[in-house]
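Just below sit the structures, each encoded as structure tokens.
Next come two complexes built around subunit A: one with subunit B, the other with subunit C.
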Partner chain A sequence: MSFIILIAAGLIVPLFYRSNIFIAKTIAVIAFLTAAYFIYQGQSLNDIFPYFDLNKATMLMEFALLATLAAVSVSLTGFERPLIAQMLFLAGIALALLESNNLFLFIVLFEAMAIISYILVANIRNFFNAEGAIKAFIAGGVASGIILLGFALFSFVTDSFNYANMNVNGKYTLIAVAIMLAGIFYKLTVVPMHAWAADAYSQVNHAAAAILSGVIKSVVLVATFKAFYKFLIAYPLATVLIFSFFAILTMTLANFMALWQKRISKILAYSSIAHSGYALIPFAAAASIYSYAGVLYYAIAYIFMQTSVFLILNDFRREAGVKYLRDIKGMGKRAPIHSLFFTIQLFSLAGIPLLAGFLAKAVAFYSGVDAGLWGVVLIAALNSALAVGYYVWIIKHIYFDEAENNQKIEMSAGSLISQLILLTGTLYFGIVASGILGATISF
Partner chain B sequence: MIALDIIFAPIFLSALVYFLTRNAQQVTKYIALGWFVVLFFISYNWLGQIMHPENYNFSPEILQYIKATGFLPLGEFLRVPEFGFSLTLQIDALSVAMLMLTSLLLILVVFTSWNEKYQAAYFSLLILFSGPIFGVFMTTNVLWFFMFWELTLVPMLFLVGIWGAERRIYAAIKFFLFTHVFAMFMFIGFFLLYKQTGYWDFTLIKESALATPALIWWLMFIGFAAKLPIFPFHTWLPDAHVQAPSSISVLLAGVLLKMGAYGLIRFTVELLPATTQKFAIWMVIFGLLTTFFAGMLAVYEKHIKKMVAYSSISHMGLVVIAIATMSYDGLSAALYEMIGHALVISPLFLIAGWLHHKTHSWYMTDMGGIMKYAPYAGTIFMLAGMAALGLPGTMGFVGELTIIISAVKSFGWWIAVIALGGLISAGYIIWAVRRAIHGEPSELVMKTNFSMSFAEKFALAAFAFLIIYFGINPQPIFDVANQAFSFLGGM
Partner chain C sequence: MNNAVLILLTMPFIGAVLAYILGKIKKPLAFWTAEIVGAILFLASLVLFFKYSNTVIDFDIPWIHYGNFVIPFGIYVDHLSIIMLLVATGLGFVDIHFAHDYMGEEKDQARYYSKVLFFIGGMILLVITKNLIGAFVGWEFMGLASYVLISFWYYKKPAANAGMQAFLYTRFGDIFILAAIAILMIYAGTTNLVELNHLADAHQLNKTAALVAALFIFMGAIGKSGQFPLYPWLMNAMEGPTTVSALIHGATMVNSGIYIVARLFDFYSYTDALYVVANIAALSAFIGSTSALVQKEIKKILAYSTMSHLSIAFVGLGVGSLAAGMLHLVNHAIFKALLFLSAGAVIYLAHHTKDAWKLGGLIKRAPWVALFMAMGSLSLAGVPPFSGFFSKEFVVSAAWKWGNGFTATFVTIAALLSIAYITRLWILIFLGEPRNEDIAGSVHSPSNLWIRLPLGILAFITLFIAIWQGGIVHYIVGKEVVEPEVEGLTAFMLSCMLIIFLIVVGLYVKGLNLLYKIASHHFVQTIHQVLFNGYFVEAMITWISKNIFVNALAASARWFDTYIIDYTVNITVPITKGVYNIFKTGHTGRIGAYMGQFVTGVAIIVISILIIVKGL
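Entry: the complex of A and B
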């Protein structure tokens, strides 16, 4: 039911783009709320089609997703309006992807989401946007090819694509899964498949980047874990080696790259890549009972904080032309409330307690310790501590430096509301952990 | 519920206080002062409940629990049953001593920063700081302990970074990164504790259930050592303490360093006694290195606040040695020295910062004859300095004496070399007094206007009073120590 509502709303919304964007936003928000209501009632795609199932953990992720997308749509203005319809389509596909129970559907929906992401980034205003969009598109195309190759190989050795009945011990299964994961790693921006993301996230329109780096990545993270869980369990040694190696490589390289950057959007892009590294630790620790909790917690925390920082950056860019670190100097005086939101979300990304980012890291890292990988976790923890360097560097520019001009910046009410929604998510999941852990423990 | 409120209310309401009082800046400090006084009386009340539980209307089970464990239960919140995890608030005599010290210092800090700029932001951050610092001393859950521990860094980052001296930004970021990075070792240590025992609550974790106690001990020790700070991990401290405004140096030295010592007592001596016994000699070695190394640096230093900062590190080395004895006497001495260090080093920091504020010079070579032009500050500096070098009748004497006695009892006569640490401190303090306070007035001093506000004078007088009061009558602190360390076989 929720799927149909979202797609229908996505088809209606463009009619109001020219006349009144407020009505378009209202329709979008109502569609997100109704979808959430039907999910709460347990009537999502599982009601209509087989191959989908809805459990408590998926539900939580879907609520986080819908809240985030509603927040994004409230904050949009001007030429970003095409995003509203695209987000509604994206929400529908993401719900299907999260609920799907079948590897074939996973691949198809994954491709559908990739196509929507190409349309999202194609909102081109200048050369920079175009460069980022082209990179996202080409990298996505390559990733699709690789995934299909792996999937084709896998389809020779299995009788069923249902997660429950897949044949995980076939002759070529390991290599097929490795190839599929290589393709998915493009979307998860795992080093060395990350190169497109650093440019795409920082150069496309920031609102699109918020969805691309925050929303799509978290959805892919959770869906991938659900789809590949059986393989991860079946090949414990390969799982630990592959995921530990890529986790350490990703976070270390991305953190060091982020330290050099001067463009704020590029810092956030590399920070997003580094976060993929932390999120891979529960994959490596799939043997632990906390691994799914780790992935889900990470995805939920990440969707709020990453979306929020890019949206605030979008506001700063639109109202004050902020691009580089030097442009953000003294922002604490010019836009105190948004600076506070920005600071809190950056602290959350850095993993400061009482914010979702900390508990997400704590659960993800604990799953690693639980699986006996405390050495890997120690490296990850040190990495995340060093990463505080560049987050604090942004905060230093906001609060400790004097502004070049002291003009106050007026922020729209929509942006304030959207930030409040995202902040509520960050704070709630930073203190109350029982929901997610309770929902995932039976996985 | 009151226990939960005094931790979370400041964390969530401090931003509100800021936005409400932004246009009436002089109001914020009264709100902060009122809040800290409330905190002081709440902790004082808890002290009474722990020292004499029979005088209060507790149910028999709770009374039994207090008698058996020494902990006063304050409630259990935010349960996560799947993880065996909850915010457990319990306090014993040691934590209450720390809570009283913290709230006392916070009250005095409001007075010493009476005329600070951007008051709304400054005092809101102080209020924010009071939440997690109380949480650190009140929770017995190791993960929440870690969360509050990390959260104290956030207000400190801003307080040092915005109100500090010339190199404040470098110092603030270095402080934040340094303590955050080393805390991660502790974080992994806590995870291993839970993995191997199945409990998050440190009153339930038993050493016998641990598979790798040595690894956990070292991981935790590195975390606390960086906070204390112990010799190879100390480099953040001179920067942070010097660049911070002097009121914040008081909090850094008086409260944040005590978190390290508190953690060391809780997580090594109480939690892993057998392993600590094994590695006690390493603690002694690190403690001695810290005392002598920092003492030597202080002798060499011309920068007055850096001299005080190194003296602070040097005294924390003594605390580590006292903790390493793992005896009732040693830990009592450590608790006494922790409180004594906070009260003695604070006026030194305050006057060093005040001198810089007035003369715009950090260097003792530019000063001289302060006594003639600012007799009040000069006298208190001398008094606190004498306490730092261990003059009888002050807190410094009792602290150092009890530490030396307990260390000799535990490790034999050779440990009496720490008395040389006292000798070194006599060297730098007396030389500093000679150069800066007495001597011929320099030109810089002669043309400076040394005026001190009443609030600052009041705070300094309070420190001086406490130094002498507890120096002559140390019994109240040892009573608390007796209650706190009775598990080691007290009196």
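Entry: the complex of A and C
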């Protein structure tokens, strides 16, 4: 039901783009809310098509997703309005992807999501947008090919695509899964499949980047873990080796790269890549009973904070043409409300306690410790410390440097509402951990 | 929980907040809030005195309870606590009342009364808690209150410095209490003050550990009660308002060291730490009484006298007579509060002139104040029939009976000298001609209600409490204690005191010229310098802390910080830059290169999987 509502709303919304953007936003928000309501009622796609499965953990992720998308759609203005319909479609597909119970559907919906992400970035206004969009598109194309290669190989060796009945012991299963994962890694921006993301996230429109780096990545993270959990358990050695290696590589490289960037959007892009590295730790620690909790917590925490920082950056860019670090000097005085939200969310990204980013890291790292991956967790902790360097560097520019001009930046009501929604998520999941842990304990 | 105890525990802190808020709204409200709260606290103490003198209030509640880790917090109100409560709240109330005029010209009254109430709360917490940890909290509350009250006039540099000095000196002692808590936790398994006494009585404690703990707690007491060598802060603390000096540095807070030793008296007896207590205290008593002889400022004379008399009380405890020590503590608290408040009245009358040599002849202006101060002085000097006589006599005879020669001699000298400095002070203030033109003409006249009444009450008490000396002792110790007989001691003491009194009167009333002549001699000058500067202990402590702690230890730590730690931090910049430059080579911006990396990544995965599969 929620799927139908979202798709239907996505079809209706474009009618109001020209006449009244407010109506379009209202329809979108109502659609997100009703979708959430039906999910809360326990109505999943399974009622129509028996390849889906809705449980409490998925439900939590879906609520976070819908809340975030609602927040993004409230904050949009001007030429960003096509995003509203795209987000409604995205929400429908993301719900299906999260609920899917079948590897075939997973691949199809993953590709559908990839296509929506190309459309998202295709809102081209200048040369940089075009470059980012093209890079995202080409990388996505190559990745699709690789995923399909792996999937084709897998389809030879398995009797069923249902998660519960998939063959895990076939001769080529491991290699097929590995190739599929390699393709999916592109979406998770794992080094060395990340380079497109560093450019695309920073060059496309920031609102699109917010969805691309925050929402889509989180959804893929959770869906991938659910889809491949059986294989991760079945081949512990390969899982630990591959995921630990890529986790360490990803976070280390991304953090060092972020440390020396001058462009804020690039810092945030690399920070996003580094977070993929942290989020891979529960994958490596799949044997631990906390692994799903780690992935889910990371995805939920990340969806709020990453989306929020890119939306604020979008406001900064639109109102004050902010691009580089030097442009946000003295923003604490020029745009106090923006700066406050930005600071809190950056702190969350850095992993300061009482914010979701901290608990997410804590749970994810704990799953690693639980699985005995002390070394990886230690490196991740050191990396988190390194990461604080560039987050605090941004905050230092905001609050402790003198502004070059004193033009004030007002926060629009839409922005304020959207930031409040995202902040609520960050704070709530930073304080109340029992919801997610309780939902995943029986996995 | 008992209502009176609950009021005593919470009311001061509620009152402190209220006094501040109300005082900010309307200035006089701060005083009235404090006055009412002070009265309520005193009444609550009286209720405890009259209703609970037969039963001990005793209950335990855990303060922090986390798994096996429990920090207990208990309330224990016995006769000792009730006496201390009466002293603290009674004198606190009188002090607040007195402050109406003395602090009347002060702008920031809200802050003053709020801090005073906070202090009283800390003192109450200390004396009714059952546990050393709770006591430590009260102890620190008082330390904090003392700091903020000494530097109440924070814009005056000497006051701000004195506050910091008091804070540092007492904190140095407090660290030892913290260490004692840890030692007791490990070796005795408890920090319960009552239980510690029981364990000591039953000989169930490790004697060495108990001795160390007892000495460490005494270190804290040294800091708080101004004993050798941590006393210089007490003298400089006189930079604060006189009402503060009266309450905190004369009558109550400085007693907390004596209280804690008295509370752990069985524990101290068991560990032989009392020997140390007695000797340190005798030395301090001597230093205090001799230095008091030559001071110029009224309040410094009283401060040295406080130090000396606290030491006398400590000697009482140290030679094994709880009764003597506590009796002197109670008597001293009352007459010292009287003296400080009288001094405050004098300073107030003389427009904040503190130098005794600039005063004189005030008896005509303020005969009642002179009378009350004389009564306090006589009590301090130990002249019968004032209360000071009995307790001082008690301590001295106990020292002769049970103490060693050093203790007995020094405490006797200190006891005898008190008549000298207090007579000198009284004569300088009230007799002769005004030595300062400024105050010759215009002095405030003291008001009846706000100045004469509290002084009169205290003077009355210090005279008439002498009747109940035996009763107080019986109340505290729980049994009849007979003063040890030392033959001829009373007669010796009284005759010596008379001789000293006559000498002082002769010198200061009639023989000032002779006095000047004596004082101009080089040898006398040297002695005067030594005494005036409190035996240069402050200079010694400053020298040690400056040369050893600041210039040696802190400087080497700074060197380590600058050249090792900072270097390590600074070098992260080139390191990260280098790593960044290596990583950067992969990010050319060309999508072809990116896809090459992409495929390399896939290849890594596939090849490693193949290796793993083969290995499997």
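In this section, the second predicted complex is superposed on the first by the 443 of 443 C-alpha atoms of A that agree within 3 Å, B and C clash if a C-alpha of one lies under 4 Å from a C-alpha of the other, contacts with A are read in each partner's own complex, and residues count from 1 in each chain.
We adopt the following convention: contacts are C-beta pairs under 8 Å (C-beta built on N, C-alpha and C of every residue); 3 or more make two chains touch, one makes a residue touch a chain.
Computed from a predicted model, the values in this text were never measured in an experiment.
In the three-chain model built by superposing on subunit A, subunit B clashes with subunit C. Of the two partner chains placed by superposition, A:Met331 touches none, neither subunit B nor subunit C.
In the superposed model, A:Leu296 makes contact with neither subunit B nor subunit C. Of the two partner chains placed by superposition, only subunit B is touched by A:Leu354; subunit C is not.
By the touch criterion stated above, A:Trp260 is placed in contact with subunit C alone, subunit B being left untouched. In the superposed pair of complexes, A:Ile242 makes contact with subunit C only, with no contact to subunit B. Overlap of the subunit B and subunit C interfaces on subunit A comprises residues 386. Against subunit C, the residues of subunit A that register as touching in their complex are 134-135, 138-139, 142-143, 146, 174-175, 178-179, 181-183, 185-186, 190-193, 195-196, 198-199, 235, 237-238, 241-242, 253, 256-257, 259-260, 386.
By the touch rule above, subunit C contacts subunit A in their complex via residues 576-577, 579-580, 583-584, 586-587, 589, 591, 593-595, 597-602, 605-606, 608-610, 612-613, 616.
Considering their complex, residues 11, 15, 19, 78-83, 85, 143, 146-148, 150-151, 153-154, 157-158, 161-162, 168-169, 172-173, 176-177, 180-181, 183-185, 187-188, 191-192, 194-195 of subunit B touch subunit A.
The touching residues of subunit A, counted against subunit B in their complex, run 336, 340, 347, 352-354, 358, 362, 365-366, 369-370, 374, 377-378, 381-382, 384-386, 388-389, 392-393, 395-396, 399-400, 431-434, 437-438, 441.
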